[in-house]
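Below are structures written as structure tokens.
Here come two complexes built around chain A, the first alongside chain B, the second alongside chain C.
After this line comes the complex of A and B, so read on.
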């Protein structure tokens, strides 16, 4: 409620002068927006263990938002209203409520731009700062404060920000989270130096500094040492205080070089000692390197990326944990491919901030039309490989005071070292082929190794490695330009975890108005006969202009939903779901 | 060019601010409190008393024996000097030698000697009682000082400027009849030589018979003579713990020691006092030239 009041006052202050000058605020203005409402009605399901009590006696859930954006020349203002009444299953219960968690006013004059209120920002690839939101994940770490951008000369962009991060609906108080300050400088050398202006090779360098101030709690440890004097037992009691840093700093340097279809990007980041709940309160500094190399030419695209992360969880509250991980200041990019097919996405990878080596390579190739393999319309091939492994760590002795690694450096590691423990691999091959005017299809094969202990439990061994083979056939038949039928079949075969799956989807589209779908995911290989369940769904949708209504009834299987390596646990549910989206 | 300069300065300023906005912590765990106490919660009742000595105090060792006929007179003299200089004269009685030997079956059957008193008597070559040592300094070439000279030597020693402050703290646990003694020496002058800290326990107010030949004090046998500060034994050792290993002490040196000592159940704890003193090491006599002394009663009740 406070946010709404503040925003209203703020808007009044801004628009007041316009009104006073008798210049309508709508003159030359543009207002846009969009709305989404997701509502669910839950039913019980004994087999899935969904009961009244597991639903917390809630029959319904509703998540919704409305964005409003006002622009008038160099000025813009916006807000997002959100409501979670109640939060849908799988969303943090602390979201319950309604309010305006995001509003801003922005103006630009010359090369200076200022945002007051809430904002999203990213420095480089995000290794030291990224504020972002994802509605499906239930993740939002927008910053509330000031954000400025200044370009003193062409080619140089300076950014500075200060703010506090969103934490559900919890208002900021000293001690409940920190204050984030950041500065970023970007130099486009080709623009700065006239001699390089016509150079085909474009070079861009940049650097970022981000620090966090947090009033940290006092933590003490008591060590008792018993001894005897004659027959009397005495105790020497020593109290130690764990000194936690109020200020944690991080920096990053980056370079981007491109020439024609070739692009190279690399960013290196470090973080000062930051004992927190994620790293087990060790005092080792954090290090990260992310590099990518992309090449594209007609019919061919090659993309390689790698990252090496060591102790880089950086949050504005040292005790914060959970899924999705809130209050992240930085972002550690996932370099595994996000799959669109449900069974291929059954075992998604979640970034391990405490230490990870990752590699991804992808080749996209289009066989030209008119050739034997390309046929009349050409054929697209995609080969992708991704790998995530541990980094080598030599643990140091535990502290005799804390009986753990708390208060120590934790371990030693060499930069770019690769450990033996495999977290994740994914090899996949996709063929996109249009056979005729009526028929087109996608065929895919995926081979995945998913270390369930590491990714889901934080247990670092290979005792629960899921090895899965997945095949996909996705066929579309177009009756007329506006009517089409799609058949999607998938199979997942594994001897581990929940065993084999089969999935089928039938979809009928009457573009651009109606769609109807029926689908089933069948876990026929589940080791438990009781859990060989059909996760069936029936769905339909209707679109009118820019508004879309979708209705779905069925069972939702449990699992991880990941976006960019950030994951949220989705519990099993059954019931009716209504989604309304609209833009104006 | 002006914008370039401004942006560069801006960049340097912001970089400096942010660069300093982090804390490097080399030693995350630091001691904030430390204490000793009995494990059994019933044992946690204790009484504390402490004293800080920041004036030069003098130590007088009175070698005596209950069958030494001249010793009550010496005891009376010691009382008078102590009273005059109160509280700056610290003293204890060393019962040793032939006149201190008990005579079983008589009123002199109580043995007030201890191994420490016999050692001091022997080490310092005491040849008669009553005899005194005052700060174990030489007087007329001897460290053994007759009672006739006690006043003048004490007067002389009292004029010496203080070189070390001495803090003494007694924590007494009645349940275990034990005392924790904390001693802290704070040197305020440079000193040459090696020094030791010595801590003894003495018992005051022991009533036994004493032979006497001074009619102004009483009859030949004083049946209820009150023996003051009878040396009972060392808290650390006869000549204590070394303060400095090198040949010199520099002003500002602080030296602290803690001792835990179970009190002999045959002694009356409430009458016991702790005496601490600092002396200079001597190759022949172990420890001489006392530079400071302190005395503190063991507090046994609120």
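After this line comes the complex of A and C, so read on.
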């Protein structure tokens, strides 16, 4: 903690004089930053079971951050102050507090760059290492240590890092999390080899190695065995220790090949034995393959991607599990599409790190202007399909010592095998059409199957499959160049879970400053009459360039907020929400 | 902990006040490593428009207002180039989940402007972008002169007004 204080003083010392001086003297020195404050005032709601005691007598919640960034030539430094006083509903209570969880100083000379402090980094597609943050999700796994990058010749980039990960506000101590070390090399062959410089086909290859060192806890099992001496029964106790690895390594290799509108990417990763809380302490190694193929030309885009992962949860603490996901070293994105409409996103998919096969395909097509279907402005069509399934697992015999799969290989699987259990499917079709200078619209249809047991409960069967059909009509009418109405109507129909929904939103915009909206999501098909609720909201916002105020009053339905396959549960709430965001 | 709070309380208003006083002051585009849509490394120092203005928009495939904004500016892009010579770079902050879907989306939509990928948000953090869409207007010296958060139908008219003012050497507002 002292280091943070020292660094803050250091920042103040360097920024202070520059601030006081004119810009000419500081020659490019600049402080920029941004601020966001989200505040909520909660009210009780009997139907939704929201009472003072369920709110822990906390009438308000407030999450806020302020970033400061100082840059001067090749030097930059920054910090982020965060406060959760107290955390808003849906955020982990361990966030409660205020402090500086992120600060850094960075220097660049020639092709060498070094960051000291906290940093975000990604190797390849992130299968073995990604540190990132998402404010809305309450997700931050920044690394605290050193990060370097060096390019010895054009086309070669080497990266090396060492650090510990953020865990709410908890300071690092031996044994409360591990140390992450990583190395990555990237080779752009067309840059390196002169002969390939003018080649139409571009090839880039890379590789990463990441390891975690952790002082692991001692786990023992006592096994009783009986034996007889002279017909007298004796009991012998044998103590077995689970040999948890102090070091867990993972590596990945990747290739990117492109030629004009064609792009192929593939990355393969492995992780050494890592018995942890997520995989049930089995000693099997982890494997992952992610590949994508994209082809596009003007007016047409085709995208295919697939992934196969087995036992790839990689965290810097062996016992860490649960939500919110913390201490993730790697990143296993969900392969489905992130939807922009609320009811289409009511059943979002979250990655199953212990094993899944995923596929996604998308076709984007623009019908040209001046054709019968294209009309005066052209029409955009998007067809998307996603699928997530289990992988085939043949379980091995349980351990006689632990009486479970703990301490064994857990199961056997063949690389790229696909199981029978469906986790998720989504077929969706969107039409974007501009009818005239005043009218435009988006029309969408979605068909989703959501395995609630697997995704929400971790129970691997097909007994709670939610099958939903969703339709969206989104119309915008611009009656002057700066004033517009938007009407968004959505319906979701399902026989399972909470039944049918209808939603309407009416928005009035005055560009570039004001918006007003009223909306209602009505769960008219809920099997329980008491829960056929209107989740109504009124909202308004004011934007002045980079400062934005938004105020919302109403009922928030419970749901999952997901970004990149990582989800946060948002409980139902009623009340007033104020958001202020500003960049300077 | 108290010391930190105190310190932040001192630092934040201090710099905020200063920044407000100098909100018209220009700042140079920071350097960050991005990727082109086909996976080639691209440093932001290579953003070029021969001394004419540049418009940067931060966006993502999952951001609805961003898609609307891009459709709207794409319709006007030819006229804008003819009138002002402006060049648009759209910086996608899609992560691994959707980064490879950016190129087919852009081409499928028929957008004419250049698109770059900021897969782990490095450039986004350097530019203090909270949430997309976030637009920056750069003058011919690649200094940021104006920025805007969010998109409401019709905002594109404001963007081109600002670009016209930059070219005419007038205050941006």
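Keep in mind that, in the parts below, the second predicted complex is superposed on the first by the 551 of 584 C-alpha atoms of A that agree within 3 Å, B and C clash if a C-alpha of one lies under 4 Å from a C-alpha of the other, contacts with A are read in each partner's own complex, and residues count from 1 in each chain.
Basically, a residue touches a chain if its C-beta (ideal position, glycine included) is under 8 Å from a C-beta of that chain, and two chains touch if they have at least 3 such contacts.
Only a predicted model underlies this, so the values are computations on that prediction, with no experimental measurement involved.
Asks: Could you classify chain B and chain C on chain A, in the superposed arrangement, as clash or fit?
Replies: Superposition check on chain A shows chain B and chain C fit without a clash.
Asks: According to the stated criteria, A:99 is in contact with first (chain B), second (chain C), both, or neither; which is it?
Replies: Second partner only, chain C.
Asks: Looking at the overlay, does A:525 come into contact with chain B only (first), chain C only (second), both, or neither?
Replies: It touches nothing on chain B or chain C.
Asks: Quick check for you: in the superposed arrangement, does A:280 touch first (chain B), second (chain C), both or neither?
Replies: After superposing on A, A:280 lies clear of both chain B and chain C.
Asks: Any idea whether chain B or chain C touches more of chain A?
Replies: Looking at chain B versus chain C, the one contacting more residues of chain A is C.
Asks: If we overlay the two complexes on their shared chain A, which of chain B and chain C does A:298 touch? Say first, second, both or neither.
Replies: The second partner, chain C, only.
Asks: May I ask you to decide whether A:377 touches chain B, chain C, both, or neither, giving the answer as first, second, both or neither?
Replies: second
Asks: By the touch definition at the top of the document, which applies to A:36: first (chain B), second (chain C), both, or neither?
Replies: A:36 sits against chain C, while chain B stays out of touch.
Asks: After the superposition on chain A, what angle is formed at the C-alpha centre of chain A by the C-alpha centres of chain B and chain C, rounded to the nearest 10 degrees?
Replies: 150
Asks: For A:249, using the defined touch cut-off, is the partner it touches chain B, chain C, both, or neither? Pick first, second, both or neither.
Replies: After superposition on chain A, A:249 lies in contact with chain B alone.
Asks: Just to confirm the value: shortest Cα separation between chain B and chain C in the superposed three-chain model, in whole Å.
Replies: Shortest inter-chain C-alpha distance (chain B to chain C): 19 Å.
Asks: Which chain A residues are contacted by chain C in one complex and by chain B in the other?
Replies: none
Asks: Report the residues of chain C in contact with chain A in the complex, numbered from low to high.
Replies: Residue list for chain C touching chain A: 1, 3-5, 7-8, 10-12, 14-16, 18-20, 22-23, 25, 27-28, 30-31, 37-41, 61-64, 67-68, 71, 75, 95-98, 100-101, 103-110, 119-122, 125-126, 128-131, 134, 146-150, 152-155, 157-158.
Asks: Quick one: in the complex, what on chain B touches chain A?
Replies: 3-4, 6-7, 10-11, 14-15, 18-19, 21-25, 27-40, 43, 176, 178, 260, 262
Asks: Contact residues on chain A for chain C in the complex?
Replies: 1, 4-5, 8-9, 11-12, 15-16, 19, 23, 28, 30-36, 66-69, 71, 76, 81, 97-100, 108, 120-122, 125-126, 130, 132-133, 135-136, 157, 188, 202, 204, 256, 258, 261, 263, 265, 290, 292, 294-303, 305, 331, 333-335, 337-341, 362-366, 377-378, 380, 382, 432, 434, 476, 478, 481-484, 486, 509-512, 515, 541, 543, 545-548, 564-565, 581, 583-584
Asks: Would you pull the chain A residues touching chain B in the complex into a rising list?
Replies: Listed in rising order, the residues of chain A that touch chain B are 150, 152-153, 156, 158, 160, 181-183, 185, 209-211, 213, 220-221, 226, 229-230, 232-251, 272-273, 275, 283, 399, 401-402, 407-408.
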